[in-house]
Amino acid sequence: MTENNNKPVVNLISKPENMLKTVYTACRTCYSADYPINIYNSTDDEEKMLKLIERVISSGHYSTIEHIQVSFAISNVSRACTHQLVRHRHMSFSQKSQRYVKEKGQFDYIIPPTIERNPELKSKYEDFMKEISKMYCEFTDAGIPAEDARFVLPNAAASSMVASLNLRELIHLANLRLCTRAQYEIRTLVGMMCKELVKEEPWLAKYLVPKCERLGYCDEDKSCGRMPVKQ
Amino acid sequence: MTENNNKPVVNLISKPENMLKTVYTACRTCYSADYPINIYNSTDDEEKMLKLIERVISSGHYSTIEHIQVSFAISNVSRACTHQLVRHRHMSFSQKSQRYVKEKGQFDYIIPPTIERNPELKSKYEDFMKEISKMYCEFTDAGIPAEDARFVLPNAAASSMVASLNLRELIHLANLRLCTRAQYEIRTLVGMMCKELVKEEPWLAKYLVPKCERLGYCDEDKSCGRMPVKQ
Amino acid sequence: MTENNNKPVVNLISKPENMLKTVYTACRTCYSADYPINIYNSTDDEEKMLKLIERVISSGHYSTIEHIQVSFAISNVSRACTHQLVRHRHMSFSQKSQRYVKEKGQFDYIIPPTIERNPELKSKYEDFMKEISKMYCEFTDAGIPAEDARFVLPNAAASSMVASLNLRELIHLANLRLCTRAQYEIRTLVGMMCKELVKEEPWLAKYLVPKCERLGYCDEDKSCGRMPVKQ
Amino acid sequence: MTENNNKPVVNLISKPENMLKTVYTACRTCYSADYPINIYNSTDDEEKMLKLIERVISSGHYSTIEHIQVSFAISNVSRACTHQLVRHRHMSFSQKSQRYVKEKGQFDYIIPPTIERNPELKSKYEDFMKEISKMYCEFTDAGIPAEDARFVLPNAAASSMVASLNLRELIHLANLRLCTRAQYEIRTLVGMMCKELVKEEPWLAKYLVPKCERLGYCDEDKSCGRMPVKQ
């Protein structure tokens, strides 16, 4: 498809027009006798808005940040990774279909780093991806529809999607998937999603962290040692 | 609070920066070998985008329109109405709290049209709202906290909220609540929400309709007769 | 309706036939090469099942306990309380409708404890509930439909519902609503729901606690002092 | 693992103790002044209960049937199929992990019928599954962790899960996945889930149908001709 570095391609393609003002208005509406439209129209002081929002997030009142939804264009991630990602049921996905999109020539694929850093294994892996591609094409050439021929395609096969989620779910996603116990690929992907958003909204950086930083301890069965385990 | 006509106050305060392009990219990603970011960057033809989106919505593939989330500032709706609205579990709400916001002086309230158009009943209703307000203040003056004094406040009491929802849920909301069997107030509110959005996105008008128009028949137990009932 | 003590009426009316075995099977399926139906059929050792389930819950892998859903019959709670409860969007509700159920004679109502323990205020409150009832009946007698006459009914008016939720959501509900910062009525209600279930499933007691016990600290803006605040 | 006929293995492992009574109570609670626990205790007439429930479902008031949740043990379905199934976000899943469960010897796999009925292609397919298995074992033998070696495993690889869903979602699942446009494997799987439940609750048969039977017409872009397309 395109040259890539065996890494996800992630772009933030949409966020709300009036992100800060919308969340600020939502936070204030709960505690104010004023109409929300008046709150909305009377404020432009970014520092003041951020201060309130941060206090509300710190208190765990996450429903107020559901008003922000962002959309990412994601490519060059394995089907192994997307099968994990679509388990986040508060997200919205539109994914490239292996039923309707027939692979022509060698399909794109991901190489796990444990294999990539071993030249011999890497070479074996790449040769095998060619074998798989050959087999897939034999089946489609024999008239097998793409939706059935794909049964030979591997977890490594690259996929693409548009994924949208609100800020509450993004914080949850970061909490779970930036944990060192998550698989390297989804950890990389979610890290890139967070980075893309933080580029435009730097105040979010402190919330887009693994759960141990939010909790103050590790609640995993097997801890990586980064934080003390819960007593 | 402010002068009003006994009607909801509704303003669209936020929508995605790149609404059409985001949904178009989502629709195309499912059927394309190209990276979504390339699809996104290669298109600006509104007519072409709309044509695809409309075909996808007509086929009932609603997940693609979840990528659009919009936010409304809503005021001057009764607590009766908000108790109905918050039953839509795919929406996000930040509502004025009767626990934390103490009413000072006469609270705002809604008058149902069946009462409003009868001068005698209307006058009785308005006098009684004054009675309730007096009772509420007696309790708060006696040291009862607002969260308990509010037990005397009526369903008529006006509330405010910021409400966000994606386009799939908005279509569902319109399908249910624009039905003549819905209560007049929520029907008015949802009609205004739809109108606000259609002002900016006229192509949405044809989807923001009561369910009978979508289905082609009425599935209510007691039909209003607008459309034939299902056989 | 019936004599009551100004307290919610709560009954557990349904739980899964095979609660422990279902969750145990779910937990083991993630880590086993065996078919889930074989896991299911090969186990009856309650102690062993409980031990695994508790380890999985402690690690925060809550998706496994979504397989348990329980249903409660709830009565004699205020509309103030139900407006809070239905904000839990992972729950399922069927609530008594004030549109379709016309109040005949004095409606049931809840008295907040701050008012109940003051005889003078209590008497004033009860008299006022009679006033409201009279006004409601005047409107319905004048031909106003119940759905509009109810605009004068207070937050205090008693409601009923059937509510279902899975174990993950019940733990979340307990975490939030058993907190001393929650309003007394929903705290009482959720406490009773938990107690009803613990009567039949005592092993659940340790999870149905306020969030400070789960977290090890308080994250509220204004702490009650029960646990140290987060540093 | 076990002998199978290249078909899903599906068992209903849990349903609510008091299924009919719970839904009946929910339906009646909306329209009754009586306490739900009294409704619950006063009824055992199955025919009467079914009659009300069917009327409520026919009117599209689906929230009342969310109170029924059922759990299935599912095995011998491809990862292609489970990637589709977990897109149903109102369901709860516990799936066999390819990260934690290492394949020993030949992994189980599914053969699509278009390949199975062609002896030559079938033989080629089966030989290739052996090749993949060999490659997987070479990687794990070389010290590559299962979570990375699995990148060579195909969409055909068999998976297992416990899946729970409420009756509203099951009807929706049947509407979408019993459609002839759905892929054969998920159509077979969902058909078996429905059949398992209907064995115990025959009254549900009429609701567990493709969407065209519910709507009265086909809304697909490319219709199979079973029902007339929408005008």
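Going by the order they are written in, the chains are A, B, C and D; count residues from 1 in each one.
In this text, a residue touches a chain if its C-beta (ideal position, glycine included) is under 8 Å from a C-beta of that chain, and two chains touch if they have at least 3 such contacts.
None of these values were measured; they are calculated from a predicted model.
> Sort out for me whether A-D or B-D is joined by the greater number of C-beta contact pairs.
Answer to which pair has more contacts is A-D.
> From chain C, which chain is the farthest off, judged by mean CA positions?
Between chain C and the rest, the longest centre separation is with A.
> Taking each chain's centre as the mean of its CA atoms, how far is chain A from chain D in angstrom?
26
> Between chain B and chain D, what's the gap in Å when you average each chain's C-alpha atoms?
The computed centroid separation for chain B versus chain D comes out at 33 Å.
> Which residues of chain B are in contact with two or more other chains?
Residues 93 of chain B each touch two or more of the other chains.
> Which of the residues in chain B come into contact with chain D in the complex?
Residue list for chain B touching chain D: 55, 58-60, 211, 215-217, 219-221, 230-231.
> Write out the stretch or stretches of chain B touching chain A in their complex.
1-2, 9, 11, 13-19, 21-22, 25-27, 29-40, 63-64, 66-67, 69, 71, 73-76, 92-97, 100-101, 103-104, 160-162, 164, 166
> Could you please specify the touching residues of chain A with respect to chain D in the complex?
78-80, 82-83, 86-87, 89-90, 93, 98-99, 109-115, 118, 121, 124-125, 128, 131-132, 135, 138-139, 142, 144-145, 147-148, 150-156, 183
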